[in-house]
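If you scroll down you'll find the structure; I have some questions about it.
Each chain gets a letter, A, B, C, D and E, in the order it is written, and its residues are counted from 1.
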Amino acid sequence: MLDLSAILQFFISGVNLGCIYAAIGLGLFVVYGVTGVLNLAQGEFVMLGGMLTVAFYTAGTALVPSLLMAVIIAALVGAMLYRLIIYPARNSSGSTLVFLTLGFAFATEGIALSVWGWEFKSLPSFWGSPNIQLWGATIFGQTPWVVGTTLLLVIGLFFFFGHTIHGKALRACADEPLGARTVGISTDQMALFSFVLAASLGAVVGAVITPLTMTGYGVGMPLTIKGLLAALVGGINRAEGVILGGMALGMAEAISAGLMPSGYHGVIALGILIVVFLSRPRGLLVAPGKV
Amino acid sequence: MRTVKEKIRALLSGREHRMVLALFAVVLMTVPLVAGPYGVIVMVDVGLYSIVTMGLILLMGFAGQISLGQGVFFGLGAYMSGIITTRCGLSPWLVLLVAAVAAGAVAIVVGRALVRLRGLIVAGVTLALNLVFCSLVVSLRDLTGGATGLPLIPRLPLGGFAPSNTLFSYYVVWIVAILLLVFSLNLVNSRTGRALKSVNLLAGGSEDTAQVLGVDIIRYKVQVFAVGAIYASIAGSLYAHYTGCIEPGAFGVHFSVLVAIMAIIGGMTSPWGAFLGAGLIVSVNEALREVMPAVVGGSTGAYELIAYGSILVATLLFLPQGLMSIWRRLQPQERFR
Amino acid sequence: MSEKGKQRDTEEQAILEIRDVSVAYDGLVAVNGVSFCVRRGDIIAIIGPNGAGKTTLLKLITGLLRPSGGEIWLKQQRVDRVAPHRIASLGVTQVFQDIQLFSNMSVVENVMAGCHVWTGASFLSTGLRLPHSRAEERNISDTALRKLSLVGLGQKAFYSPSSLSWGEQKRVGLARALAAGADLLLLDEPYGGLIAEEIGKLSQLLLELQHRGITILMVEQLTDVVLDIANQVVVLRYGEKIADGTAAEIQGNEQVIATYLGNGPLEGDER
Amino acid sequence: MTQENHALLEMIDVYANYGVVQALRGISLHVEQGEIAALIGPHGSGKSATLKAICGLLPVARGEILFAQQLIHKDPMEKLVGRGIAYVDERRLIFPSMSVIDNLVLGAYRRHGKEQKEKIEQDMQTVFELFPILEERKKQTAGTFSGGEKQMLAIGRAFMSSPKLLLLDCPSLRLAPVLVRKVMRAISELRDQGVTTLLIEQNVRAIVNVAGRAYVMEEGKIVLEGHPRDLLAAQ
Amino acid sequence: AGPAGEASYKVGVIASQTGPYSGLGLPALEGMELIADGINENGGIDGIPLELIVYDDKGSSTETALAAKRLIEVDGVLAFACSTATGLSHSLVPVANDLRTPGIIMSGTGLINDQLGEWCFKPIASEDDYIPLPLGYLADDQGVSKLAGLLENSGYGEGGEFYLAKVAPDCGIAIVETQHFDPAASDLTPQLTNIKNSDAEAIFIWGSGPAGALAVKQAREMGISLHIVTTPAQASPSYVESFQEYYEMAPSLVCLDSKLSMWRQLADDDPDKAMCREFDELYIEIYGHSPSMWNAIGAQIIQFIADGLERAEPDPTKLEEARGKVRDAFESTTGLSLFMGTYTLSPTDHYGRVVPKEVLVTFKDGEKVLVKTFS
């Protein structure tokens, strides 16, 4: 039964899912890498990006301006999250901060529900990009956009954090906040920046995946969980690690959905992930020196 | 000097807690007399959550091991109790103990693997485990009833008869909770408690130092993981017999996160925090159910969610150390924390 | 004295013996073929430039690090493959260079944590407060308080360690190590950051401990003080032992002077 | 009055608290341009607190701090770095998961502009000359450094900001005697280039030949002031 | 709010307003409120107004049970209805039976029909009643004999799997492939690939959320041109609109739906046409859109309860006695014609649907087209 085109289809599906998970994981990485906060509201930015783009688009705005406006609004919400919630509690422990972001996520979800209702929304593929048939397998028209966006993000972040002084300054903030201040880095501004960056990234991802996955008020939390798993399995300290983790998760899901006994694939996919976790106790890729 | 000595003695002997504990027990035992039937119902839930949260506080607040998978052990307890009592007709009490031991054993195996992991990765694995557990329950339909649920779980018997469900459950749950509280308090104010705190990488512990002082860090971490699992499993068994019907959604990530919220809101520096956290979260929920229809009317779910999120944020902003920190603040001479 | 005769001599009284021990951190050889012996009841000092491998050596002894070569014998037991907490239970403890107090415990709890190694109440017995564990706890608190007053911090028992000044923290660290009741005490720069009068006091304390039969192995930069009280000095450089002997012998060693003490002109060749 | 008559740093009756603990109770001191001054005193006397108050880490409850004739006690630390104050904490606060070179580069974070680029390069060389090990281990992750190596890195990093005023909390701590001399000599050399230093030292002897002025602190107050030589004699 | 002094018939409602099942709960709630308002505008039931007390179940069975207990103990309702997924409503059965209050469950699966006990009722639909309609269509009209099931991992999907296997042989259809997906799945190409590579001639997509609709879209995008039949959720207007192109690709998708949404195309002699038309027009007047399947389910539950109350004539001040009366009245429901079916219940049958009213629809030019009804 198993032919090559089927295998190829599973692979494509894995890449597609992997990129989505990785892109969300990258948002987590940005905030974590700068502030040490696990931002459980990252998925909500993805939701906002998708929902806002749909809202503007269905109101008659063209795609690009819709997306831009969505990103700007999401960035403002990200700034708000930092200023109103994280900043006042910046001296609290990591776990307190995590649950602050969770509370924010709940409230955001509630607001989205009361504004947009429960219906799932979709967008057409960007500029009607056609499906591609490849040796009997199908690549959805939107998939190249998703993969491209993720690639761009990871390359950009990799370069920014690894090779620019401002990127290094951002990393320094999480590494030793007081030390960062002693060399003149404003940890506060950097943290604000990281939240705005993560929110914008999330919003872009949200808009780009909507034609594939649809969006609704409640998609944020499940996406956060997937992104979190991706980031942790790969090593949340490095952008490349997050990509690797996302791919591992996406592939595990797609391949077990395709090849494993139907009904058990959820167990198997995550089981594979746990094995990866346990065999690489510090994540697939780790930043040396720090856990 | 004398005063310092006395204080340490008081702390160690649990004298500091004894009065509060007695008062707490008395108040709890009299709750059903003053609160209406619904108050008792709510308190059963508070008790069940408190037990699981207490285990998590030992695990996360003391030993510094994040777990987003307490639902696994809550579920293990519930399903073991549910399946064995409906299939084999064994005594629920016996099964409860067997399930707790089994959950502890599972936790030891899992814990052995987990202790090698660093930092947040533990959170990731426990989260994944929780997802696996739920998928497994759904997949093993013949055994567990799948997503539809496992019905017709018998009540906890007392002697020959099964007393009025809610009131009886209330007393069972709270007696168990108080016993576990005493156990936890003893634990944290002892050699074991200090060993646990010494390996707490979330809050000021250091594994190297702990080891040099003779602490077998793997053993302590695994043991406390098992203790957390046993607490959760006991609560799960009680829950199964109390509700009579269980389904996998009750043991999902949602539950584990809720328990973690309770731990944080309550305060992770003391087992008492579990009761404060569970009490607050459950009462906020109930209060919103009561109040929101009057404020907005109609379908209030979305507004309840907004309010719930905002209350969570506000509480953590004002009391980042959790509700327990109020109590600490009331003790002026205590300079620590 | 013949080399052989000397070895037999020390073996009888040796509490600790390091035999040709090496270890590397991905590529960097931090300790390279170091051997020496510590006699019971001595104060032995390890000195050497920064990065010479002194702290690493202590880690090897306490088991926090496994040597890639060589053997470590503690009280006639080979310990280089033994878990750190087991080594601790053989009567060894350490004060770290950066102290590392547990900031989630009060000062007195920190010292009580030091008593872990000689107590044995299990998880269950502490949870159930069995009489045995109760008695043990009383014993622990008494010991802890004694050690705390010994370093003059009895009144700050309930303070949080992070509210103490650096020097005070150092003293808590020492009290915690003393509470462990070890007969081999490893100290990583105990004098660092102390003021003149405290230096005298600490020396006195160490001598007193020595008098009580405790063996002390310390790493130190304050050479003049160390040379005052140490029975034996080991000098490390680039992870290798370059000298081993009494204080007088060391002070005369030109290599040591050139690379470490720097009494001469300032251009010491620093690695 | 001419510029030279003003002290570079001046603290006037400064009070500061850690919560309920009164760490500083009326500190007045001044450090002249191009001077090396030292704070000495027993543990818990408030030496570190004084430095923290100057660089904005510890909020000043009362009193004034002037740097180059400007009030600075309300400014956040990151701003003061730009003004030319560099601080080395007793915990060193290096960036543990970053490489040595990144640590140093970030030391110059506040120095922008093309013309600075060359100077930064030069300063880096100066640091490497002072502590050759930093150059040898450029790529090593700073968190794996030995205690003394971290201390060197922290001092080097502070130097990279091209400070006018260096605040050093126990620079000699953890350093081998030969290095202590080296650091002290470097500080003297820096003074010759116009860099002012205020440092904490436990061992008066170590600074006798270096510092021109020393303050003795006790319980949050300055109890003695003078040349280290005189203070040593007084002891 | 304790039991108020003035007389009203209090009826509790537990709906998924948030959480994963809010797509079922919120529309049902809308339908319920419409009927209740209608009753009250017409003077209530025998002059006594109907009071709905609504709680959110938050997608959690613990919360569902707590809400039910609150309705019973605090609010003193005579009966309560619950509009949620199978697993959640299942956990209400012991609550209703313990606290002796009639509970109306509206979850989709027939798996729990025989576990309702004395106090629970499920006057909705059961799979074995309606599966013959789509399977009959496939076998008789399209000549299909081999079917693939693509099933959601949920109580709803479990019901589908169980009853498909049970009913298919009777219709002359073999289930040759079974694939599962998570309710939140976003990429179903692996499952669809497996179906494509099997020898199935048609796909039955069984799901309650967006994943089912995505499955249709992705199947067509992958060039799978098998017949597809789906459960009613996929006929939701928002999916139909978003995926019109794929829904209408030949062979056009066939969905289960209710007579209500198709009343215009019903034969004029259809006994339900008038009722459906009336409700549809009212719905459009109040809410501005036609009722969906879940709106109708909500509405019919209140109609069912109102019918019981009318016959029981309970005294709302004597709670215990009143609840018993209401329960007895529910058990003696006979020939009650509602949107999803006509019901005749008995003490041994708390499901009691005697006439199913599902229809099959397909899509053309953005409109639903009636394909088949029970006849």
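Keep this in mind: a residue touches a chain if its C-beta (ideal position, glycine included) is under 8 Å from a C-beta of that chain, and two chains touch if they have at least 3 such contacts.
Note that the coordinates shown come from a computational prediction; the quantities given were computed from them, not determined experimentally.
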item	value
Chains touching both chain C and chain D, listed by label	none
Chain whose Cα centroid lies at the greatest distance from that of chain B	D
Selected pair, greater C-beta contact count between A-D and B-E	B-E
Centre-to-centre distance between chain D and chain A (centres being mean Cα positions), rounded to whole Å	43
Whole-Å gap separating chain B and chain C, where each centre is the average of the chain's CA atoms	41
Rounded Å distance between chain A and chain E, as computed from the means of their C-alpha atoms	35
Chain centre separation in whole Å, for chain D relative to chain B (CA means)	49
Touching two or more other chains - residue numbers and ranges from chain D	144
Where chain B touches two or more other chains, by residue	135, 138, 203, 301-302, 304-305
Sequence positions of chain E contacting 2 or more other chains	18, 22, 26, 153
All pairs of touching chains, each written as two labels joined by a dash	A-B, A-D, A-E, B-C, B-E, C-D
Interface residues, chain A side, partner chain E - complex	1-3, 6, 9-10, 12-13, 16-17, 20, 109-110, 113, 117-122, 131, 133, 137-138, 140, 209, 212-214, 216, 218-219, 222, 254-255, 257-258, 262-263, 265-266
Chain D-facing residues of chain C, complex	25, 28, 48-51, 54-56, 97-98, 163-168, 188-189, 192-196, 198, 221, 223, 259-262, 266, 268, 270-271
Chain E residues touching chain A - in the complex, by the definition given at the top	18-20, 22-23, 26, 153, 178-182, 184, 186-187, 189-191, 193-194, 197-198, 209-210, 213-214, 218, 221-223, 236, 238-239, 242-243
Of all residues in chain A, those that touch chain D in their complex	165, 168-169, 171-172, 175-176, 178-187, 237, 287-290
Chain B to chain E touching residues, read off their complex	36-38, 41-42, 45, 135, 138, 141, 146-149, 151-152, 165, 243-250, 254-255, 285-286, 289-290, 293, 298-302, 304-305
